[in-house]
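Here the structure comes first, spelled out in structure tokens, and everything after it is commentary.
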Amino acid sequence: MQYKSQAVAKPYFIAAIGLFIGQILFGLIMGLQYVVGDFLFPAIPFNIARMVHTNLLIVWLLFGFMGAAYYMVPEESETELYSPRLAMALFWIFLVAGALTIVGYLMVPYAKLAEMTGNDLLATMGREFLEQPLLTKVGIVIVALGFLFNLTLTLLKGRKTSISLVLLMGLWGLAVFFLFSFYNPENLVKDKFYWWWVVHLWVEGVWELILGALLAFVLIKVTGVDREVIEKWLYVIITLTLITGIIGTGHHYFWIGTPAYWKWWGSIFSALEPIPFFAMTVFAFNMVNRRRRDHPNRAATLWALGTGVMAFLGAGVWGFLHTLAPVNYYTHGTQITAAHGHMAFYGAYVMVVLTIISYAMPVLRGRAANSNRAQVVEMWSFWLMTISMVFITLFLTAAGVLQVWLQRFSTSPLPFMVVQDQISLFYWMREVTGVIFLLGLVAYVASFFVKGEAATLASSTSGRAGIGTQPA
Amino acid sequence: MSGTFSKSMARNVFYGGTAFFVLLFLALSFDTQQALPQRDNRANLTPAVAAGKKIWEVNNCIGCHTLLGEGAYYAPELGNVYKRRGPDFIKVWIKNQPTKVPGRRQMPQFNLTDKQLDDLVEFLKYTSEIDTNNWPPNIEG
Amino acid sequence: MNAHSLDTTLSAPASLAAPAPEARSTPPGDLAIWFFILAELLVFAVFFAAYAFARAQDVALFNAMQDHLDRNAGGINTVLLITASWCVARAVRAVCEHGRSATGAHWLAAAIACGGGFLALKCVEYAGKFAAGISLSTNTFWMFYLSLTFFHFMHVILGLVILSILWLQTRRGGYGPGHANGLESGAAYWHMVDLVWIVLFPLVYVMR
Amino acid sequence: MNTDRSFIVLLAATAATWFIGESGAAGAAAMTATLVLMLAKGRLVVLDFMGLRAVRGYWRLLLPGWLLFVAIVIALAFRLGHST
């Protein structure tokens, strides 16, 4: 660790992992509710479990992004963080607010929660992913502003690298587009239209800048390739991302009451969205193959490469599968969407946050890399989680294909619930795979507690086996 | 001879390209705003519909159902439920939840008043009349 | 190949200064702009294909609506863009081969004038269509006509912004033989805008 | 110079394209003529204006290849339209 204020990243990363565990537990509850409908009813109805599952995902990814930014920006700017105390204060505010929100979801009926938290003043709740009470939303904005203030001032007083500029642009964009969550017109079509300005322009827009910056940072560190080379490719990739992704928003405007031309605009541009992901994968592998050093943290390298591949598969390939309007006409709002959502979020955002944690945590704990034994456990967790996510996606895809066939495509379409019964086998298989994912997560957490002789940068002359790359 | 590939040019292309597509997106969004009155059924957007939308929201219906294909995939699509089931069925159904059939998916009891049920039905009726480019493909949603 | 091979900059200006066409392995201008050009061309290719296949679904509509297009305006606009492109090519030659910044700036100014003429004429066309109540939602043909031409229209605007920057830089003597990366890159982008129109004009205005 | 000669050819080809449009010609022959003119024009822009004539290797083939690809797709779609 070069700057002692980078240490504030550590609690952020720990909180992220903690909330990640919660997310997966609720995912398993929901998965079971798909096949045992009355499981935990009425204590935790499905809609509550889902809200907790998705909101925890968002919040822990935000914790991860913030931790990453607090870690990266001082090092990139070659200066201490503007205010470590502000960073710590915001950490506790965000954690407590997040925890209270989740407790509110679980303890109070949602309508009651809405009433208690001022939803009558400004109705923003009850929309997918934006279920947070008004107070929490305001809290998120305040935390985000404080966070951006802190980082922007840090950047301004230090070196301005492309990586930290791209990161900050992504984070500012994240905060700006979140403001659309406060706009909830009575007109459902308008509501949905601008709802996507938060959701789509986050995950297929500004978040990808953050993703690119995190990946580029770790790649510079673990490969030793010239910053110039990595940064210019970063620019090329995020350019491709935004020129396809911004108009690509149109693939959500096919069937919600928006004009018909979006079917063309949305299909054309989103059909090209896999290209930046493919470029990112090629880029990551290329940089690792051209590495000038063998960083002892092989686990971080593995996560970095995995991010490229899984983001391409989940966001790129699975997105393309159902993005063309004639296909989406049948698949819209089915398990196909769920399949895509799972692998895309895991492959792009979960994995990139785990990449930066994998790289930064050992440093924050005073070593270049964890012991070989700890890394082996971590790599096991990588494969367990990644492979089980691939199978979760495949099972949901199978369920979705069958659902589309029986409910939408067939000449004698069956009712929704009849179809759900017929595809329950796939839901069972998904649930079993989900348990394996949890085992992977347990292994991941365990890897932090595995002892052994820690590696240093100097001791890393050998050992390039195990990360699955060809020697340069 | 190898060509030039400079970071400054890559950066300029990024800024220029991004600005370009943001502007294009804004232009299309502007056109969409102009075109919406013909499609979004706003003529029927009564206070009852607005009240119904709020009931839809504060009971987190989207946490199980889809509405015009967006939401959770645990329970049936409701964008066209008005056409599929009609107003009376919807109200009776909501009143009678949960079914408590062992092992079946359960919908909570939301204790809605008759007025609230009427508003919710109005909202679902309004939603079913939005011009969705003929989606969903059939009445089952 | 090592990490540096991608990164090699033109360290020998003489290689470009020589007017004799020397075989090179990459196009004039920065690779970054070429990635962008390729991405844009890919988008346009998909758009053109979408137009062609949508037309195949309803040939009668497309043929009937095409009669309402002003082919003279389209033709003149083609001439304007081609002329602008030629001016840009002459500007690059003047600067890169002969080091004549003033001449180059004049050529660029002429190109900007032609591009401005394109925009003006296109605006007249649009005004007529809008006055007739045509919008993106009128029918499939007009959706494509407006989408394709407006998407291209915005490219012309961006191209003109780039040309204006090049013009200012060139006038100040910012480029010369061996250090004209920016000029060549901007020129390549402008030619791409021209190239796209060369496909768009026959496809939308002429072919039936 | 190539640039100037290409410019003259481009103007002539544009006039020809415009004339085909004005004549109202339709069908395979008109389509082929228009596409050939388009390919010729595009090729000149790519090779002489963009300066790819002096480039060897795949970069030189990329843009003419794009043109050819677009022309083939258009031709296929127009054939499809005429046959239905």
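List of remarks:
We just call them A, B, C and D in the order they show up, numbering each chain from 1.
Quick note on the criterion: contacts are C-beta pairs under 8 Å (C-beta built on N, C-alpha and C of every residue); 3 or more make two chains touch, one makes a residue touch a chain.
This one's a predicted model, so the numbers in the text were calculated from it and none came from an experiment.
Should one ask which of C-D and B-C has more C-beta pairs in contact, the pair is C-D. For the pair chain C and chain D, the distance between C-alpha centroids works out to 15 Å. We define each chain's centre as the mean of its Cα atoms; on that basis chain A and chain C are separated by 38 Å. One simple way to say how far apart two chains are is to compare their mean CA positions; for chain A and chain D this gives 45 Å.
Of all residues in chain D, none touches 2 or more other chains.
Counting partners per residue, chain C has 6-7, 22, 24-27, 32, 35-36, 136-137 as the residues that reach two or more other chains. Residue positions 5-6, 10, 13, 17, 20, 24, 31, 35 of chain B are each in touch with at least two other chains. Chains touching one another form the pairs A-B, A-C, B-C, C-D. Chain B makes touch with chain C in their complex at residues 1-6, 9-10, 12-13, 16-17, 20, 23-24, 27, 31, 34-35, 38. Residues of chain D that touch chain C in their complex: 1, 3-4, 6-7, 10-11, 14-15, 17-18, 20-22, 24, 26, 30-31, 34-35, 37-38, 41-42, 45-46, 48-57, 59, 62-63, 66-67, 69-70, 73-74, 76-78, 80-82, 84. Across the complex, chain A is touched by residues 1-4, 6-7, 32, 35-36, 39-40, 42-43, 46-47, 50, 54, 136-137, 143-144, 147 of chain C.
Partner chain B is touched in their complex by these residues of chain C: 5-10, 15, 22, 24-27, 29-33, 35-36, 135-137, 150-151, 154, 158, 162, 181-182, 185.
Considering their complex, residues 5-7, 10-11, 13-14, 17-18, 20-22, 24-25, 28-29, 31-32, 35-36, 39-42, 45, 49-50, 53-54, 56-64, 66-77, 98, 100-108, 110, 126-127, 130-133, 135-141 of chain B touch chain A.
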